[in-house]
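After this come two complexes, each holding chain A, first together with chain B and then together with chain C.
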Partner chain A sequence: MATLPEWLRPGARPVSLLPQRATAHRLLRRTLGAMGRSISLLVREPDGPGVGALRTADPRAKLLAAVGLIVATTFLRGLLPLAACLALALALSAAAKVPGRRLLPVMIAVPLASTALLLPATLNIVSGGPPLLVLWRSAGGAFGPWRLPEVVAVTADGLLVAGRMVLRTTACAALALLLAATTRPQRLLGGLRSLGVPQAFVMVLAMAERYLAVLLRSAQELHLARLARSVAPIGVRREEAWAAAGVGAVFRRTRSLADAVTLAMVSRGFTGEVRLLRPARWRRTDWLLVAAAAAVAAGLLILDRRLA
Partner chain B sequence: MHIPDGYLGPQTYLPAWGVMAPLWSWASARLKRTLSVRRLPMMALAAAFTFVVMMFNVPLPGGTSGHAVGSVLVAVLLGPWAAVVAVSLALAVQALLFGDGGITALGANCLTMAVVMPFAGWWTYRLLAGSSPAGSRRRWVAAAAGGYVGVNAAALVTGVLLGIQPLIARDPSGRPLYCPFGLGVAVPAMAVSHLLVIGFVEAAVTALALAYLARTEPGLALADQTAEGPSSRGLRRLGLSVAALALLSPLSLVLVARFGGGTAWGEWSAGELSRLTGYLPSGFQRLSSLWRAPLPDYGPPGAEGVSVVAQGVWYVVSAALGVAAIGAAVLVLRRLFTRKERDGHAA
Partner chain C sequence: MSGSQGETVFAVEAVRFAYAGQPLCLDGVSFDVRRGERLALVGANGSGKSTLLHLLNGLFFPGEGRIAYLGSPLTEAVLDAAPFGPRFRQEVGFLFQNSDAQLFCPTVEDELAFGPLQMGWTQAEVFRRIEDTLALLEISRLRGRFPAGLSAGEKKRVALASLLVLAPSVLLLDEPTAGLDPRSQSLLLEILEALHTRGLTLVTATHDLTLLPHLADRVLVLSEEHRLVADGEPEPVLADTEMLLAVNLIHAHSHRHGRLVHTHPHQHVVAHEHVHGHHHEHEDQAEPKK
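Moving on to the complex of A and B:
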């Protein structure tokens, strides 16, 4: 049995709890914020007409174009072609009026995380090559079975390797974001047929997207209820137990929802066969988009080989 | 554990897609047989559930926080093949709609989190849980072990996928094109963080969620108690695959003999180490004389310079002995757990 918390005992001063409360709930608030953002991305309003040509293009064409460009980006080696690819993605995002609150977090977080991860790769220990900037010198020697390096330095090779990685990851993330931000989730998943994904998978994905908002809302309510009812940190062990109980509660909701959805589908004539609406016909502008993406990808690859 | 785009080269992510394609079609065929009409809505909801599990943040000692992947929990609740489909779909939604985890790397991410993790966790769980009742202590200990083993197996494979990049893709002047950290850095970095911290989060969430469900929903049928789980056939298949791996173990000898490599990095014996570095640390010398293995270097004692074929046979024998030793240890542990439970029921 848990002991009576300090704040319930007679004589406890509520004022002293306030700063503690703020730190205890930072994590809860952060999770709640992430869940809220996810829900708002899933159930956002349909995009208004005429907000850029990319928004009105067929989702299948956009998927083919974006995936083609991302695959081409993973083949690029030179810094210049990679930077050109990133600039293209950013220019298209600006042209399609991707809102800054969507674009900026990704364009700040991805390069920062990549840079932090790849900082050791700029050193001579990982990448080798002649030193450019010596950070640390020692007499060498050994530490247990390991030999200590005599010089730790940033190398030109290391900078090139890390720069290439950061540019490539950022360019890929920008292209993926451009696709996601200019297409409504339901239409984007429906467009997967054009990449050869089986119908059943497309249908399940579209259903998953729809009910994801419902389950996220349940999880959000759990967190909100917890936030409203707690005043002080409860420790890692009980925090884990709380999260696990929350996961369990969401699973119960998942099962009852699955049963209800199955019954609703069966009552409307569902027999286990998948039938989708006939997709819209490709327009000339859609072909044009795919052709343009293919041309840009080919151009980048040729430029890359020329420079190498 | 999500690998973003750009860290894996096409030489790695294309084979990963190639491995996943038949697994996905096999998984959906299996589910069609067992779940019929319920299959589509259940899979959709399970995918959404997996996504939500990954959003639950758990504070870690030291002020940071982490989240569970939940693949093993889904495998325990719905069966490993359902987990393959549900986790893959959740990862696809994450990659396409939220830009979390890469699009080209989706195949590799599915391989680690939707195949390696649920199956490693499921087999561990089945091995330890046996036929114990749903709410029993042994079952949730098994779930915790499953979560721990599953997430560590996935982390290991992720580390290997990242670590082989500098070996297979370099530009003309020899600089790595993709993830620049070799196996000696990527594997320990992934393994240590998961062995020491994240594995315990996964274990706790898996076991405690199961305990919560057993307490609040006593009639809950777990995957291995319904037709949806592979039950003893899965165990037989595990045995077969372990045997196949043991038989394949001399492959490395052949490869080393063929391509002229050395000993695996970091697995040098005292003799090799002194030859490589020119001297032998005194602590190493002391430690290496403490324990003499019955089969040094997986070969017959005192055999230097025997043929590759003879060495291969000894490799298989060593592997079989190792598997037998681990199997015996697991059986003893199982027996101990069962007895404790029986005592508990009698008391």
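Moving on to the complex of A and C:
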């Protein structure tokens, strides 16, 4: 029978704990949690039965319409056409009954993230133009080879640049979400394939869609396993080091899962081409959808030119 | 079911195999699998059971030796060629240990359709098979579900359904009951029993000896040196305590009675029922222990 070491026997004195900082660094846990929620929103099946023209349309028609509108949006410069495009995407989402719990996170996260990224663009040191709001004044001078500005201020030109970009990214995100929320992933990928997107690319997308949640769960389990053995919060640096090691561990699992999935597919006769149970059928209404999207895109571009 | 009872389905001859850059994990393994047999591959973790199943499924190929299916050698070239390749994939199903790896489609229905669509069957036939298979395994309610969201037992049944929909004549099962709760385990064993009585050949890799009475009429034992050390009916194989101890399928169990500590071979033949193959008496307990 195995003999337990002295420190594992009943009544052994516990080792005194090192003093720990009381501050809890829950960044990693919150990040993993937020990623999990975002991914589950992204990969969730389109809600509700196949009702409405947008839900029942051929995925190829929807892809062409959405890509056409997104490309047109990237060429728009005026705030009014961009706002019109965003309003159209939101109106279509409402008509297609895209649930608010799916739409809202994207409509909040995308403008916030793009605003944060574009804040420097609102300043005179990036965009130039007359100042609207002075944030900082200095005596000027130089820092090494760089000349320091006498005034740092928000400018009208900067606000216009930032506002244009925020509206553009939000409108594009709303259009992409509308496509994702009204089309089952498998049909969307089938549509991509039949539009000539290479098989390897479509397969990578399909596997990412299927396994992102599995791998994220794996990362969360690693984190929970570590938390279960933690007696106090650790510092940010150690948390970062652990996160880096965790990324490595998840990467190894990803590789082994990818190998296993490939073998499972080959085992069931996969030879390189995914076939769909319900292949898409192009109908007259699908032509109408593509034509309507093309007309809207052209209308927005013409409006944008007129207002410029 | 195609083929006649008793014919040789797989012939494995002196197979040696190693993963790239790794030590040998199968060393000179030879055996036959006959039609309608229930064969169990048992061995400790890492003895090469799963690898052997992968070889039988034509997913890996031996470095030395030969594996034949119905007399045709299993090589990459042969499996890539029609009609042998598709026919082999249809006739030989492989239930992976990790159901998450096996269920790669967005819905359960797509999962069941994957194999038949790869075989080029008509849509009507595919739908008919899906309906029947879902009903057979009592999982019709899961048809539109996302496989990642299912319980372990449900995933295993869906994975099995994705094989049965092709009407295979051979099933290769890698630790089929691992991670299942008792009810799911018992349900799966019932399904496998029913499939066997309908003539399916079952080859199961397991290190759980409690499953052998339910899963096998013949047992092959792989040693930790990756060699085949026993081939026979479950009863005599399970009775060979010395061999089972040597291959790490049972362990020397120590326990204490009063002041007396003693060691004996220990195995779980039926879950939760311990068999201690000895009698002994000691000073503070008059009744013999069994």
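The criterion applied here is as follows: the second predicted complex is superposed on the first by the 170 of 308 C-alpha atoms of A that agree within 3 Å, B and C clash if a C-alpha of one lies under 4 Å from a C-alpha of the other, contacts with A are read in each partner's own complex, and residues count from 1 in each chain.
In this section, a contact is a pair of C-beta atoms (placed from the backbone, for glycine too) under 8 Å apart; a residue touches a chain by one contact, two chains touch by 3 or more.
All figures in this text were calculated on a predicted structure; none of them were measured in a lab.
Of the two partner chains, chain B is the only one that A:R77 touches; chain C does not reach it.
Of the two partner chains placed by the overlay, only chain C lies in contact with A:G269; chain B stays clear of it.
Of the two partner chains, chain B is the only one that A:V126 touches; chain C does not reach it. When the two complexes are overlaid on their common chain A, residue A:Q186 makes contact with chain C while staying clear of chain B.
Within the superposed three-chain model, A:R252 lies in touch with chain B and out of touch with chain C [touch as defined at top].
The partner that reaches more residues of chain A, of the two candidates chain B and chain C, is B. Contact with chain B, but none with chain C, is seen for A:T169 once the two complexes are overlaid on the shared chain. In the superposition on chain A, contact is made by A:A241 with chain B only, not with chain C. In the superposition on chain A, contact of A:T3 is made with neither chain B nor chain C.
Touched by chain B in one complex and by chain C in the other are residues 185, 207, 209-211, 214, 257, 261, 265-266, 270-271 of chain A. Of all residues in chain A, those touching chain C in their complex are 1-2, 43, 45, 184-186, 207, 209-211, 213-214, 257, 260-261, 263-271, 275-278. Residues of chain C touching chain A in their complex: 54, 57, 59, 86, 89-90, 93-94, 96, 98, 100-102, 104-107, 109-110, 113-115, 117-119, 123, 126-127, 144, 146, 148, 162-163, 166, 254-256, 261, 263.
Chain A contributes residues 27, 30-31, 34-35, 38, 41-42, 67, 70-71, 73-75, 77, 106, 110, 114, 118, 120-121, 126-127, 142, 144-145, 147, 157, 160-162, 164-165, 168-169, 171-173, 176-177, 179-180, 185, 188-189, 198, 200-201, 203-205, 207-212, 214-216, 218-219, 236, 239-241, 243-252, 254-255, 257-259, 261-262, 265-266, 270-272, 274, 308 to its touches with chain B in the complex. Residues of chain B touching chain A in their complex: 4-10, 13, 24-25, 28, 32, 36-49, 51-53, 55-61, 65, 68, 70, 73, 77, 85, 89-90, 92-93, 95-99, 102-104, 171-173, 175-181, 185, 201, 204-213, 216-217, 273, 277, 281, 283-284.
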